[in-house]
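Listed below are the structures to be examined.
Same chain, two partners: subunit A is paired with subunit B first, then with subunit C.
Take a look at the complex of A and B:
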């Protein structure tokens, strides 16, 4: 196996509050190989987005990374200086956001925004100081450079019709789907090694959703980019991902190859998730909700975070932290009652 | 074929006439695109629609032009003396342009206690008064925006320190603070006036900008900008400030009349520019002791101040509507 593009090791990100420390990400490990699409699934509030922010190094104050390590292409991001990290963000690693309505700056044209990202990270011979930016705007020379050409090229590759004309449009003149495409164009403009897509299709309707996912996959092949796809939508995962990590209350509870996970879910939480999703093959099956809610992440005292909602929980589940156990081919679950160890009753 | 299918041939005849994406002529609709309106377009539009704002704008432009071309449009030189305290519309006869012939001139607004023509003095006074007002607002705008942006963007300790300083400025009445600052700096001169009133106005800009920055920095495109590797300074200047510009412009328009009044007040108190320089505040002050004999010396420059302040205010109100800013946001 080659070096993973991203490997997260026992990462802990927490937010101090008046009521105590919120452990949004509590000992998460995962790795992504080059050119792979890895899914990260979980309910709202399970810490998926905080994990993404931690990887990019843009956790909002007063949140902080309290432990663990994040290695990008073998180098620890946490040991880098701010400048080094800044040059990686948007260049070799970028992010696609959930809400396409809000993730583009309304005062700059779409083309300008993509071109600016290119200028920041690739040596196009165009100065990126603010005064140079202003001068370009006044002289109108912004469109002569290589960065602008690249922006148009990117818009074209994400299937925006008439890219030359649309590059001059402002974000509000784009539809939701087009904005998300423009976002993708921006994220991929510098051919990053890793793209973190945080719920990229959640705000879009299903037809557009399918198109965007398809495009992401095509672009992944074209640029050989690894993608960390964060979503709460199992259908999206099943459709696109090579491997899946299931996250619950700040922890990863199960990881497996996609097909394996859907056919043999092992962790009770994953089983619950799948049982609560409508199945096309079996439309008459009753949907089984998971009882209860995601716990308050402040000072969870019991060992397995899922134990209070788990139909199979026993006293031991509250006392002894579950470790990952192999439950199949390249398939691990963090549950005391699973695996060959024989705790299964 | 039974009767049941009797209706279908009617449709079948046209089957395939309109494929996907094709629409009969009469059902075609023009594609409409919502126009982006630039700041300039919005200002032009409001001036067209809001006649009061247009009038304000015209008066403002008129005053600025008069000030700029005072040596050409003023009827006399600023130092040229006539009879003392002549009434408005009175006339003087004499050789005023030095061509050896006697002519009669009208003093539309009268003359003051030194025999200067008041209309002329007001026109020249507009130069200093407007210049000081614009410079003051520019100063307050720059400093206030910078402080407000830093406070809003970084939050925490930086925010607390900056905003406590701003509160300190805010708690003082403008004129008293201005007097204090001039006393500390020592000496008269228009630059000192600009700095004194400018500092007193910093809080208004800083508060508005901070509020805007606080709300804008929650937007996802700010996180997105950080995620593509933009530095903090870049995020502030390229992403946040352009989105906060409307309330700042409106605030600036509404602050200019206050700056004119501030300068006039300081000059009136004798803390403004050199006493011989004509400014509106000094003109009013000069007429104070003669108010019972020659009311026009103080009233005429007062009217000038009133007119231009009113004009700026109607213009500012119009712009506020144009940018759709709620009244509570700017003061």
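Take a look at the complex of A and C:
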């Protein structure tokens, strides 16, 4: 087997607060192979975004990585210097954010925002000192430079019409869908090994969502990029992902190949998640909500984080932490009541 | 963009007309006209009536207004009531002094406030931030004339570095001119700097928290380039507004500061003319001060087009 692009091992990211330590990511392991799309699904508050920020190294203060390891192409990111990580960010590893309206800088042209990434991470022969960058901001980037050409090329590949002209536009002159395309162009401009897409389509109209996802997949094939797709939307996962990790309250509870997960969901949380999603082909099916809310991630005292909301929970679920068990072909769930030993409580 | 500038300019003219009219009506509704001020309480009714007729004050208010306004439009600002000097001449003598002090105050204020605000925001809750915050707090708490007195005592009287009294025109040399306006300029500039520093700091802190700043981190942009290329311009947008509005502080401050430093500027002229009920002088001085303020704010509006592309291209969002 090839080296995974990304392997996260027992990662713990915590936020000390006045009320106690928030364990936003609490012992998560996952891996992504080159060129595959891996989904990370969960409700808001489950720690998906913090996981993404941990991988990219942009966890906001006072958050800190308290344990575990993140390996990128075999090398531990946590052992790298800040400079090394900065040179990877945006180049070999990049991120697409949820909110296209606020993720682009209103005072820089779209073309410049893409070209800047290219200049920083590829050898275009263009200076990236502060004074050179400020000069570009004031008089505009060199239109015959390699970085600008690349920016236009990327805008074209994300289907922005008249890319040469639109590259000179400011973000407010773009629609929401176009801004997200520009974000994607920026994230993929340096042909990264890994893109983390955090809810890339959530803020968009449904029709635009489908287009964006399709483009993301095409670009993935073109550049052979691996994608970690973070979403709460099961339809998006079913549509695009090769494998899926289901996250709940800071932990991964189930992982499987996409089709396997949807046809044989094993973990009670995954089952609940699927049952609470409307289905087009079966409009008469009743929606089954999962009772309760994602718990406060401060001092969870029970062993299985889902136990208080779980319809099948027994006393032991509150006392003994579940570990991953194989429940099918390349399919694991972290539940005491599943797998060979399951149901024997 | 040109439509935006035209609209703002039209707006400025309208404000000026409002100011002129308000001043005209307001002055005349204050009890005790210029005649009483000139002749005293003991004057005979005949003498009062004669002087009123001479000054045109016996005419109905709207006639006086139309006359004053139309003469002003052709550049005739009238004569001082108490002396034979023309209002235009009085103002021409006083205005350069006040403008020198104010301009020096603004330049100094911005030169201090913008770096101080940047330091406060980037070294948040560190020693440098506390120093900038405390400095700004002191600056906001102390009125300009008080700062002026302190400066005059320390740098004028004790150390003797700068003249304590008087104004030297720029025609007599740049250095003497700068020396004569230095202390009053600092006195009006510091309270101004304090307000702008606070705004710069909070605006930059807010900007650094924006989602697009996270995008810049995720792109691998260094923190220095993030600050100067990505954040600063966005953070300056509200600062420019405050810097314009706070100009009132400078102009207001210079009225009292001029008195502290014995400079015959617009502030002095205004105060004296009000005491004498010298209508023509008061009107024109207020109008000029208001005009400076309105003009500077028009410049601010135009400055927006340079720093906010959302105004420069399309949409009238301001």
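Everything that follows uses one rule, which is that the second predicted complex is superposed on the first by the 334 of 345 C-alpha atoms of A that agree within 3 Å, B and C clash if a C-alpha of one lies under 4 Å from a C-alpha of the other, contacts with A are read in each partner's own complex, and residues count from 1 in each chain.
As a working rule, a residue touches a chain if its C-beta (ideal position, glycine included) is under 8 Å from a C-beta of that chain, and two chains touch if they have at least 3 such contacts.
Predicted model, so just to flag it, every value in this text is computed and none were measured.
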Subunit A as common anchor, with subunit B and subunit C clashing or fitting: clash
Partner chain(s) touched by A:61 [first = subunit B, second = subunit C, both, neither]: first
Which superposed partner A:21 touches (first subunit B, second subunit C, both, neither): neither
First, second, both or neither for A:95, with subunit B first and subunit C second: both
Which of subunit B and subunit C A:165 touches, first, second, both or neither: neither
Touching partner for A:108 - first (subunit B), second (subunit C), both, neither: both
First, second, both or neither for A:298, with subunit B first and subunit C second: neither
Partner chain in contact with A:285 - subunit B first, subunit C second, else both or neither: neither
First, second, both or neither for A:133, with subunit B first and subunit C second: both
Offending stretch of subunit C which, after superposing on A, collides with subunit B (from 27-35, 63-71 or 261-269): 261-269
Footprint overlap on subunit A, comparing subunit B with subunit C: 56, 58, 86-91, 94-95, 97, 99, 102-108, 116-117, 120-121, 130, 133, 169-170, 172-173, 183, 186
Subunit A - residues contacting subunit C, complex: 56, 58, 86-91, 94-95, 97, 99, 102-108, 116-117, 120-121, 128, 130, 133-134, 137, 169-170, 172-173, 183, 186
Touch list for subunit A against partner subunit B, complex: 56, 58, 61, 86-91, 94-95, 97-99, 102-108, 116-117, 120-121, 130, 133, 169-170, 172-173, 183, 186-187
Residue numbers on subunit B that touch subunit A, as the complex places them: 33-34, 36, 155-156, 219-221, 223-231, 233-234, 237-239, 242-243
Contact set on subunit C toward subunit A in their complex: 210-212, 214-222, 224-225, 228-230, 233-234, 307-310, 313-315
